[in-house]
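Next come the structures, one after another.
Two complexes follow with subunit A in common, the first pairing it with subunit B and the second with subunit C.
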Partner chain A sequence: MNLAIEHVTKKYGNHHAIDDISCEFSNGVYGILGANGSGKTTLMRMLATVTTPTAGIIRVNGKNILSLGDDYRDMIGYLPQHIGLYKNFTADKFLHYIAALKGLSKKEAALKIEELLDLVNLMDVRKKKVGTFSGGMKQRIGIAQALLNDPKILIVDEPTAGLDPKERIRFRNLLSSISGERIVLLSTHIVSDIEFIAKEVLILKNGRLLHKRNPQELLHEIAGKVWLVTTAESEIPRYQDMFKVGNIVRSESRVELRIISDDRPSLAAILTTPNLEDLYLYFFEEDFDAGPVKV
Partner chain B sequence: MLGLLKFELYKIYKQKSIYILFALLIAIISTGGWIDRSSEKVIYQGYQKWEGKLTAEKINKLDRIREDGNKKSDTGQEFTFKEHLLYSISMVIFQQTNFTEERNKEITQLKEKIQQTPLSYKKRQDELKKDMLSSIDTSDFYYPKGPAIMLDMIYTFGFVITAFMTIIGIGPIFSKEYSSGMDQFLLSSKYGRSKAVTAKILASLLFILSVIAMWSLYSVARSAYSFGLHGWKSSIQSVIQFLESPYPFSLSSAFTLMMMIHVIAALAFGVLVVFISAVSKKVIVSVLTSGVIFGLPLVLDTVLDYGGTKKVWVDRFISFSIYQFMKVKELFVGFRTYNFFGYPVLQPILAVILSFLTIILFWFITQWIMKKKQITV
Partner chain C sequence: MIKPNDQELEEWLNEFTIEYPSEEKIEQTIAMLHHYVPKKKKVHLFRQVYKELLGVSRVFWMTNLIYLAAGIGFIFIGGGNPYITLFLLAPLPVLISLIDVFRGRDEGMIELELSFKHSPSQLILSKLATIGLFNLVCNVLLIAVIHIFTEHILLSSLLKYWVVPYMVSISLCLFLSIKFRAVFAAPISIAILFSLGMAISQMAQVYEAVPTGMFLFLFMAALFVLGLEVKMIYKGAYHEFSD
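This part shows the complex of A and B:
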């Protein structure tokens, strides 16, 4: 299976949501990393054919996906970023409806739904109306519907939003286990979603593709630029003004700052091994939220 | 396909609003609609004696009754119930025989006109009218109250119920998918842009048929209970609103034909509403737009009917509106034809052709739009 994006651009008025992107995918998980507004969702929507490129072509095994039409849609599973559900439908009915949309026979649908409800841990609530579901449960049923037709290309846009850590790990492992025979495209701004499962990471910024490499190669790019600095708490604002500061870890009266910088931020700074969070910070400084302080 | 159709029907019939609206509309039309059956029975018995072929003997007798009644009325004398009933029957027959005479005169005039006119659209139009008028048979007399009430239901309340239920039940069929975010599943799935669209249109049409079946059953039941199921052999001209109608129909054929035209026009409106829904991102926009398309000619017709001044283009606009086609009545009250390559086409036939064209055109456009549909925001 080969999926190729060739000089794809998507414009909304004068705004370039996607600007001349070209890349190829083969079986495996691809993480699409970008801040809000970077064009991740637009790219996913074009891959799912719910929107079309202003310019350029997307091909699967050499054929234009728009010419393939329903045949292409038969190959894909799509989980949109914001999922809408019929509030009056039970989980079971909703999945049967999507199965009908995907062309599964009643018998095939019944078997697959059984399997997927078990997989996403919703078997107990299959007869409950989805309008009563929590955000995480809705996300899980969204994941189940995307997998109904055993897709050759799985397109999941921010799939772990709303999932608790246990569910997130479960989902990550699921994607990893099924990626051998299919292309999995996973857009996220949560680095840990893709850190260990992505074959390659695509970095999108302002509609442009900055990088498409495997995580090790990307991390190599920032090798020698990640530092640990132990300092007094009062010094934090000064470092934040001057550098890109990631994790801040408190221990007794001191704090340890993780800093991304081309130059050594202080004489006491120690070089450390970069991770994907550092990479994200490196590319998306203005959008980065360091999160809670670890103690 | 059948599976998708079932789901679409389920989605339509799961809307509480359609049940509330239907109950409300039926409640409104039921107010004061039930008749005192015992007095109605007596009236029918009064009419029954005169039913059948209108012989010269019957007409003479009724003429005398009418003249006596006129004298009584002029001198201010009171009528007994029986006298009043007989006087009413005599007036109906008098009116009917008068119109028969006038119709015969018109036939003679048309024959003369046809002989003098060279072959043209006008000549063909006159020939058609002459043939139609000549085919009208009002020589039989039957008490037509029951069928007349059923006919009345089509063009007073029935068409409004169908339209309101279509707008509320079908208006959200696509726009609700957009506003709820379900469109992303629809547009990215194998059959979401093809079979699912067909299923939505078919489900809409089935829903409309069920609505018409429901109010028709109600109407038939109410009329049958109040007035009985007799009078179907009577001519359409025996109903006061169709006294001058040039159509040679019995009430049974008129009712069947008018119901069929109503159904076809309603299906055309249904497909139009589905199309509007497919291009409306919000349910409210879809519902309001559909409401305006149906309601604007209705309002113009009602307002200008009272005002009495209808410009030609307004008259044309109303005549060719979906409202008028669904109402059906105006298609049959008078003789109206349109020039089609020199040949006159009767308005009811044109209404059916245009309704079918609307169904085909908007069905195709809706399928095409959904094939090309993109999510923009």
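This part shows the complex of A and C:
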């Protein structure tokens, strides 16, 4: 399975929600990382054929997805950022209904639903109305519906937003377990969602694709730019004015700041190993203007 | 170094080189084999919709049954005017079923449905077709029963009391459903239909005096609007993602 995005642009009025993106995907999990408004949802909507590119082509195994039509949609599973559910349907009925829309026969559907309810751990609430479900349960039935047709391409848009940490971990494990022979595209603005399961991370900013690499390579990008500085509590605002400050660890009278900077932020600063959180800060936290600083 | 013996052997072996098949040949073979791969059975959309209507929307079948029962009851037991009965009752099953047709959209499911094999436009249109056809059969049945067991029905009256109100109310309701929510469109259309029906039953002479040509025109206009609506649905005018 090969999915290729070729010079895809999506404009809303004069605004470029997606600006000339090209990249390719093969089987595996891809994390799409970007701040709010960076174009993640727009990109995924185009991949799900919910909306069409203003320019450019998306191909699957060399064929334009728009000319494949039904045949393409038959091979995708999509979990929108904001999923609507038939509130008065039970989980069981909801999945049967969607299975029908996806073109599964009744027999196929019954088997698949059984399997999926088990996978997403909703077996004991299958007769409950989805309107009564918690956020995490809704996401899990959302992923179940996406998997009904055994999609070769799975598109999930910020699936962990609004989940508590435990639910988030469970969801991540679930995704990881189903990522076998398919392309999984997962968007998020939470780094830990993809840190360990993504084969490659795409960094999206203002509709542009900044990077598409495996996490290790990306971390290499900021090697030598992450520092630990131990200082006094009162110094924090000064550092925050001048640098991108990540984690702050307090211990007794001192604080340890994690700072992302091209140059050594202070004489006492020591280099440390970058993680994806740092990477995110490096790319997305820029509401300050730090020139070269001498301390 | 290759010893003479080995060299001979190599030369001898070289005569047996097997040519790698050309790209074209491989493609051909694959194409040929494709015929033997069992095809995934394609479930036809109409059958799917039919099954779905059967399973999910009991509303639709119930309203039609009630319509037939009520129609026959009013006319044969209650002694009601068959024309007014047709006027008031005939559009109801379709009007009420529209709520179900647009339910996916009204519950915020369109974004998801757009990613499904059967697009919501296909689905809405095939549901409309199924509903329309089945309801038409019910209507013809009722009219035949009236025709056989009571008075002979005039074609021109049928136009005035059945075809035109039926078409106009449905095309109005469909338009409102496309633009707004079907849960509001259906009651509004039914209210309008009933007010008109009541008014007309009070002033039958006035309504009778309207020339048939006028109704033909209304019929054509409603047909045209229905055509437009089908096009609107096809193009996805009923959801906000159409761009």
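We adopt the following convention: the second predicted complex is superposed on the first by the 285 of 295 C-alpha atoms of A that agree within 3 Å, B and C clash if a C-alpha of one lies under 4 Å from a C-alpha of the other, contacts with A are read in each partner's own complex, and residues count from 1 in each chain.
Everything below uses one rule, namely that a residue touches a chain if its C-beta (ideal position, glycine included) is under 8 Å from a C-beta of that chain, and two chains touch if they have at least 3 such contacts.
In this text, all values refer to a predicted model and were calculated from it rather than measured experimentally.
Asks: After the alignment on subunit A, I want to confirm one thing: do subunit B and subunit C clash, or do they fit together?
Replies: Taken together on subunit A, subunit C would clash with subunit B, as the superposition shows.
Asks: Touch check for A:L101: first (subunit B), second (subunit C), both, or neither?
Replies: After superposition on chain A, A:L101 lies in contact with both partners, subunit B and subunit C.
Asks: Looking at the overlay, what does A:F196 touch: subunit B (first), subunit C (second), both, or neither?
Replies: In the superposition, A:F196 contacts neither subunit B nor subunit C.
Asks: Name the contact category of A:Y86: first (subunit B only), second (subunit C only), both, or neither.
Replies: After superposition on chain A, A:Y86 lies in contact with both partners, subunit B and subunit C.
Asks: Please work out whether A:R73 is in contact with subunit B alone, subunit C alone, both, or neither, and reply first, second, both or neither.
Replies: A:R73: touches subunit B and subunit C.
Asks: By the touch definition at the top of the document, which applies to A:T51: first (subunit B), second (subunit C), both, or neither?
Replies: Both: A:T51 reaches subunit B and subunit C.
Asks: Quick one: classify A:N149 as touching subunit B (first), subunit C (second), both or neither.
Replies: A:N149: touches subunit B and subunit C.
Asks: Once the two complexes are overlaid on A, one stretch of subunit B runs into subunit C. Is it 7-15, 97-105 or 133-141?
Replies: Stretch flagged for C-alpha clashes with subunit C: 7-15.
Asks: Need the overlap of the two footprints on subunit A, from subunit B and from subunit C, as residue ranges.
Replies: In subunit A, positions 45, 48-52, 70, 73-74, 76, 78, 80, 82-86, 96-98, 100-103, 106, 145, 149 sit in both the subunit B and subunit C interfaces.
Asks: For subunit A, which residues count as touching subunit B in their complex?
Replies: Residues in contact with subunit B: 12, 45, 48-52, 69-70, 73-74, 76, 78, 80, 82-86, 88, 96-98, 100-103, 106, 145, 149.
Asks: For the complex, which residues does subunit A have touching subunit C?
Replies: Its residues touching subunit C are 45, 48-52, 70, 73-74, 76-78, 80, 82-87, 93, 96-98, 100-106, 145, 149, 155.
Asks: For subunit B, which residues are in contact with subunit A within the complex?
Replies: 3-4, 7, 11, 14, 177, 180-194, 196, 371, 374-376
Asks: Can you check the complex and tell me which residues of subunit C touch subunit A?
Replies: 41-43, 48, 51-52, 55-56, 103, 107-119, 123, 241, 243
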